[in-house]
Amino acid sequence: MLLEMKDAVLNYGKIQALHGITVEVEAGEVVSLIGANGAGKTSTMRALSGVRGLAAGSVIFDGEDVTKLRADQRLRKGLVLCPEGRGIFPGMTVTENLNMGAYTRKDKAAIEEDYDRVFGLFPRLLERKKQVAGTMSGGEQQMLAIGRALMSRPKLLMLDEPSMGLAPMLIQQIFDIITEISQQGTTILVVEQNAKQALTRSDRAYVLETGNIVKTGTGADLLDDPSVREAYLGVA
Amino acid sequence: MSEPTHGSTVEQEEVVLKDTSDHDEIAIETTGPDGSVLLEVDHVTLRFGGVVALNDVNFQIRRGEILGLIGPNGAGKTTCFNAMTGVYTPTEGKIRFKGTEIAGTKPHKINQLGIARTFQNIRLFPEMSAMENVMVGCDARHKTSVPGALFRIYRQRPKEEELPDNGIRRAFAKVFGISRHTLEERAGRRRSMELLRFVGIADRAHELARNLPYGYQRRLEIARALATEPELICLDEPAAGFNPAEKEDLMGLIRRIRDLGHTVLVIEHDMKLVLGVTDRIVVLEFGQKIAEGTPDEVARNPKVIAAYLGEPDDAA
Amino acid sequence: ACGTTDTGGGSSSADDGDCNFKIAAMGALSGANASIVIPSVDGAQLALDQWDGGDCTVSLERFDTEGDPAKATPVATQIAGDESFIGVIGGAFSGETRATKTIYQDGGIPMVSQSATATDLTQDEPVEVFHRLVPYDDYQGVAIAKYLTDEAGASKVFVIDNAEAYGEPLADRVAETLGDKMVQRDKTEVGQTDFAPTISKIESAKPDAIMYGGYIAEAAPLLKQIRDAGIEAPFIGGDGLYGADFGNAVGAAGEGAVVMCPCAPIEDDSTFADDFEEEFGGKPGAYAAEGYDAMTVFLKGLEDGARNRADMLEFVNSYTGEGLSKDIAFDENGDVPADQVSYWAYKNEGGTLTPEVEVKPGS
Amino acid sequence: MSQLTAAYRGLRIGDRWDAAPKPVRWFGLLLVVAFAYYLPYLNILPFAYIRTDLTPSGSDWASVLFLVVVYMIVAVGLNVVIGLAGLLDLGYVGFYALGAYSIALFGSKSSPVVEALQVKFGLSEEWAVPFAACIPIAIVMSLVAGVILGAPTLRLRGDYLAIVTLGFGEIIRITARNLDGVTNGAAGITQVPTPPGPEIDGRQFFNTIDAERWYWLALTILILIIWLARRLEHSRVGRAWLAIREDEDAAAVMGVAGFKFKLWAFAIGATLGGFAGLLFGSKQQYVEPNAFMVQLSFLFVAMVVIGGSGNIAGVLLGAFLLTYLPERFREFVEWRPFAFGVALVAVMILRPQGLVPSRRRAREFEDRRHEAEEAAADV
Amino acid sequence: MDFNNLISGLDRHTLDGITRGSIYALVALGYTMVYGVMKLINFAHSEVFMVGTWAVLGTYTVIGATAGDGLGMVIAATVLALLAAMLASAGTALAVERIAYRPLRKKGAPPLIFLITGIGCSMVLVEIFGQVLRVFFGRPFGRVTVNIPSVLETKTVFTIPGIDLAVSNTRILIIVGAIVMMLALDAFVNKSRLGRGVRAVAQDPDTASLMGVNQERVIMLVFVLGGAMAGVAALLYTVQYDITKFDIGFIIGLKAFTAAVLGGIGNLRGALVGGLFLGLVEVYASAVWDSSWTNVYAFVVLVVVLMFRPTGLLGESLGKARA
């Protein structure tokens, strides 16, 4: 088991966002998390990445208890989150943002390779290398955020709504990239509203509802589940 | 969960929670969907240093329609919005709203002219309750300023239904009238509640905006924009982050907004929503308009397919 | 003014023979300028300690104003309203004195200031209760000018001030007296430490003496920078520089600088100096002798049988006596009589101010 | 300390107050006001220990109360600027100074301005602008100054505004000090007029000794100002300020004329500051530039923040404590500034939301605190 | 008004202005860095500088350096004093951050609270030197101006030919020292990995932590660097003016903060430009009129600049420092 979150409870002030959920990710898997707005998907991601602490429960990554570690410490262990709403550094150029992805890395040569890989995936970024990221369009920023996450060479890459705000063609591309990265050996946990795509492409999935896991299974199983189809796929 | 919020700028106890199934009260006066031009983007070019975000873009919005604005990421859609709402001034070209040139006008003036918008990255007033957020929108149409709020001298003869129930106060109000401030506050509260119900989030009216779920926040933005009684309401990716079921709801909401008499301009990447709800679509790419027409026409347009839609069976 | 005590007027509850009084000392006991005030209050304390009161018990209460007029008014109102106070030593600075003298006037309580020297206090708007043991700054201006021309033989003087209530009028007066022997005038700012613009003006004016009206904090860096620039012209300041702190602050650059003060020298081996040192662990500082004298005036009043403010005021108004600092008497404005006006020029030698020459501006 | 605050919280005074029926609230309020008017005479032990004149070297109780109330007016005014509109003004002392100077310049027989007028119009040497006429002059001067300062600078964001306003305060002080011919320079202006009133015991009604009359006057004005300020807060204007504070651009797009409302906030704040200055100058009967150092501005801001910015009760408490405590503990002469600094830091660390925050801020803060505490494990 | 004085001595005034401005600039760095990262005006920074000047005095006293020492001693004393000042200032800055700001951050306090806390810390530090230490150790502590021996005596090193401008060793030290330190810091923030981390936290602390940046460490780093720069300023200041005082930081802090805003707060190069600009304005204006109006000129210039460039001469933000 690469990642294991047990009985996690997360509060925002008086509001309890996660009511003791358990999520597991096996090395090499693509796991997706689906659910309506406010179900707690982002909260799960935040708790996993260490941006927010848990009120109860634990997170075990790569056989090590990381519950008490800060986000930056977890990143060093290979647990990387590409946050919802992109979180690019608005005052830095595209290149500098990518640099930030490699902040903890020292392997110069491999970093160069990864640049090429990211620019290969997103040629638009290459065109805009010197643009200050804050002035880029929503979609461009999303590409940058994913590219930057890849620069960290994660063991487990967590993506929070990577397709949000992207044009249809790009969404397709993003999912292709996810598949590709996964084939290259990175484990992936993805949150998506785009449930159909997400379920098609993932090995397993969890369905969240108001801070609780209500269903779990393989992607294909859930795709066939009538209640899931009704609630999340818009097919009656 | 939704604890009463004392001492807030909205006193909630006076809110009338009657159910208005028909939404007449929030309708605004417009001339209706007569198809006349409401807003005209006239050969607009907008540059940021070297980047040409808009290049000689030219289109019109007609009264009463739902117009979609689509295009690949970075095509210039949001920029176009920003130019229309006074955030940016076009480098060249004109934008006319109801015949008046509005480029270079301050954002709050543009709002008073009758254009409201939502933001691609939600920008509510996070520490104010949902209700208060909408009240700020309502205030755009109110007149009370500092002296009015301080001294409350400006009095109006109230309509029968505005009179207080209490006998003495009633008599007082009949003789001296009620200050415009008080009347506006009451009207604002009533209207805000109706709008929250209209967008479907009245149950959390007194919660801080920052604590609302994402979807609620999006809807709250719409309610707040509607509160300013715009003739034209511009929605920037309102369905971002919605699941299909929620998108379905949103489509209904957009149609109902139009039915109230507002003209709607919507930027959206979700083709199902765009094709399903709009009357006409304008397509941008690299800052240029590459197509314009009914949803059917646009969806079949090879240029659009190549630039934007990709293979017909899209991701949604 | 209210509450615990009955208000106003001259009548006193302490009239019936028993002699139980307080004397207030008001001034900056904390804050940046405390060091030129505390010695004088200590001096007053010493006078009281040495006094054999007979059946009188007198205490000295110290009121801190931080030298700030706004903080001084509640203090003054308190003192004026409490009948057990029979006299006020102070205010130490001119500003707070200006702000409070009408309050004391309303309370009918006599004041004897050890160091407030602003001219207007007695010359423009005199009040009956105010007296001071130091001559006012018009004299000092003349004294400094006189020193400059007569002792230093200067004919081109550069006059600088700190643009504040004390320094500016003093410098004005010096300039006025010097007439065309002043070559140039410049103003600085309190808290300033870089005087480059002033230095360059001095350099081009090539004066043969420099006068500064202000306090130690600015005088020290100013003088250092003057010497650093290689300007050797003599430097003279007013009583704002009087005190051991000046020598400490200016260091070697201050060698030979002159400080004018309306305070007579206290011999190092005088009994006063010894007693003071024993009691407060240091040489008597600025206006210590004047503080001592101020207290003495009031104590003499009590010995004379003054048992309320009105009597005390009357006593002080007509007081004559020999003091540590000078022969004490007050004219109708509360000032030192003209024949007693005398200044001493002190020269900074190896960090201590040593009396150089007496200057009488009157003659 | 924490037990104490917990006990206090346990009482839920605020909630109970809100829950109480209207007549009860009115009655409570009346009691508080009556007590405030009675304060100068407070003489029942043990309560009398709060008096400042019982300690050795203490200062006059009523005078201290007066100063407290003047600073309360300042705090209420500054609260409009900082607490409601969210504009950081570090030069508030400038308006305070203007108020004091306007009554001194026009009302004092010995002010150069009045002297010039006397000469110009051949008036008697005793002539000066009467007190009543000085009030509108002070209000207009500070209001105009507020607008003049605000108009070019309110477009600046947050901390830029802070330094510019700070500069403004200094400019006012230095100008007052250097323009000898107009303001009498550093020597200041004496004979500042006091409000008219009957003579009692051969003294003016408002004199230097009977400070409680000044206190009552100031208190009455304060109550009036609070009443007006509350009206503003709970109106469209208050909401607009809040919206601007939260997100100015979004507010503009929603039709809020940001600049206009900010300017209003500034002008209102300036006027109240000027009014407080006028009271101060008049009671003092002496105005001089050094009474208006920058540090006083900091003190004003500290009052607002310590008490709980945005909440009138809070800022009143802040003004009270920061003025009263140093006076009450005069015995500690040289240690007062040190203690003041330590107390400031300690209070802020223990109660960052202010002593009596507004509910909105308290809630805001609670949320943030929880978030911050849970945000990351501490290493 | 004396424009002749300005024109005839322009070279001299320029040199004076740059000297004054260099010190402003160094102190301004501390404001700008902390502001850039935490959006917080660290009001206690003026006292961080003040502590540095005392460290210089302390060093001289301990090693017994005085005016007139030999070259070896002068160099040794100056270097030691520099290190001591940097250490003391950085330590003070760090202490303020740990004791006062950090608990507030942990509680998520709003910015104004930090401001008032900073003012409180500033008072405490001032009083430590003006009162607390005096009570325990007596002089030189207390509320008086203290002489610092001019170990490095002012000597004219060379005269610029043609304009006949004498340039002294102290001025060279100040100007060169300030500029070198600024360039070094600028390079560090813009070029080094740690510097990039600083900028990342400045722009988006949460995301920065997701990139592996330890936010707490960055904040400490910023205080330490800003403090060290104030320490350098303290040494240069004492070399030029030879004095210190418990409240000496206030005015310099005010000016340095003005300089930081003038240049564009959060922008390192802005601090340099703002500092020099402010120094020149002050000296030029004082040459024409007199120094009692200095603060008025300074603030009027600030307002005028901000009216035309609302985010300062070079614009805002650590992130855009290179743009």
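Which chain is which? They are A, B, C, D and E, in the order written, and residues in each are numbered from 1.
The rule is short, and it goes like this: a residue touches a chain if its C-beta (ideal position, glycine included) is under 8 Å from a C-beta of that chain, and two chains touch if they have at least 3 such contacts.
Quantities reported herein were computed from a predicted structural model and do not represent experimental measurements.
Counting hops only between chains that touch, subunit A reaches subunit E in a minimum of 1. Think of each touching pair as a link: the shortest run of links from subunit B to subunit D has 1 of them.
Every chain gets a centre from its CA atoms, and the centre nearest the mean of all protein CA atoms is that of D.
Of all chains, the one whose Cα centroid sits at the greatest distance from that of subunit C is A. Annotation: C-D is the more contact-rich of the chain pairs C-D and C-E, by number of C-beta pairs in contact.
Among the remaining chains, the Cα-based centre furthest from that of subunit D is the centre of A.
Averaged C-alpha coordinates put the centre of subunit B at 72 Å from the centre of subunit C. With centres defined as mean CA coordinates, subunit E is found 37 Å away from subunit C. Averaged C-alpha coordinates put the centre of subunit A at 32 Å from the centre of subunit B.
For the pair subunit A and subunit D, the distance between C-alpha centroids works out to 52 Å. Shared contact sites, meaning residues of subunit A that touch two or more other chains, fall at 12-13, 50-51, 70-71, 73.
In subunit B, the positions touching at least two other chains are 211. With touch defined as above, residues shared between interfaces to two or more other chains in subunit E number as follows: 209, 292, 295. The touching residues of subunit B, when paired with subunit A in their complex, are 1, 48, 51, 71-75, 78, 120-121, 211, 213-216, 237, 240-248, 269, 271, 308-311, 314-316. Note for the complex: subunit C touches subunit D at residues 1-4, 7-9, 29-31, 34, 61-64, 68-70, 73-78, 80-82, 95, 98-99, 102-103, 106-107, 118, 120, 124-125, 163-165, 168-169. Interface residues of subunit E, counted against subunit C in their complex, comprise 5, 8-9, 12-13, 16, 19-20, 67, 139-140, 142-147, 149-150, 154, 240-243, 245, 247-248, 250-252, 283, 286-287, 290-292, 294-295.
Subunit C meets subunit E in the complex at residues 31-35, 163, 186-189, 191-198, 200-201, 204, 216-217, 220-221, 224-225, 228, 245, 248-253.
Those residues of subunit A lying in contact with subunit E across their complex are 49-51, 70-73, 75-76, 80-81, 83, 87-92, 96, 99-101, 103-104, 132, 148, 152.
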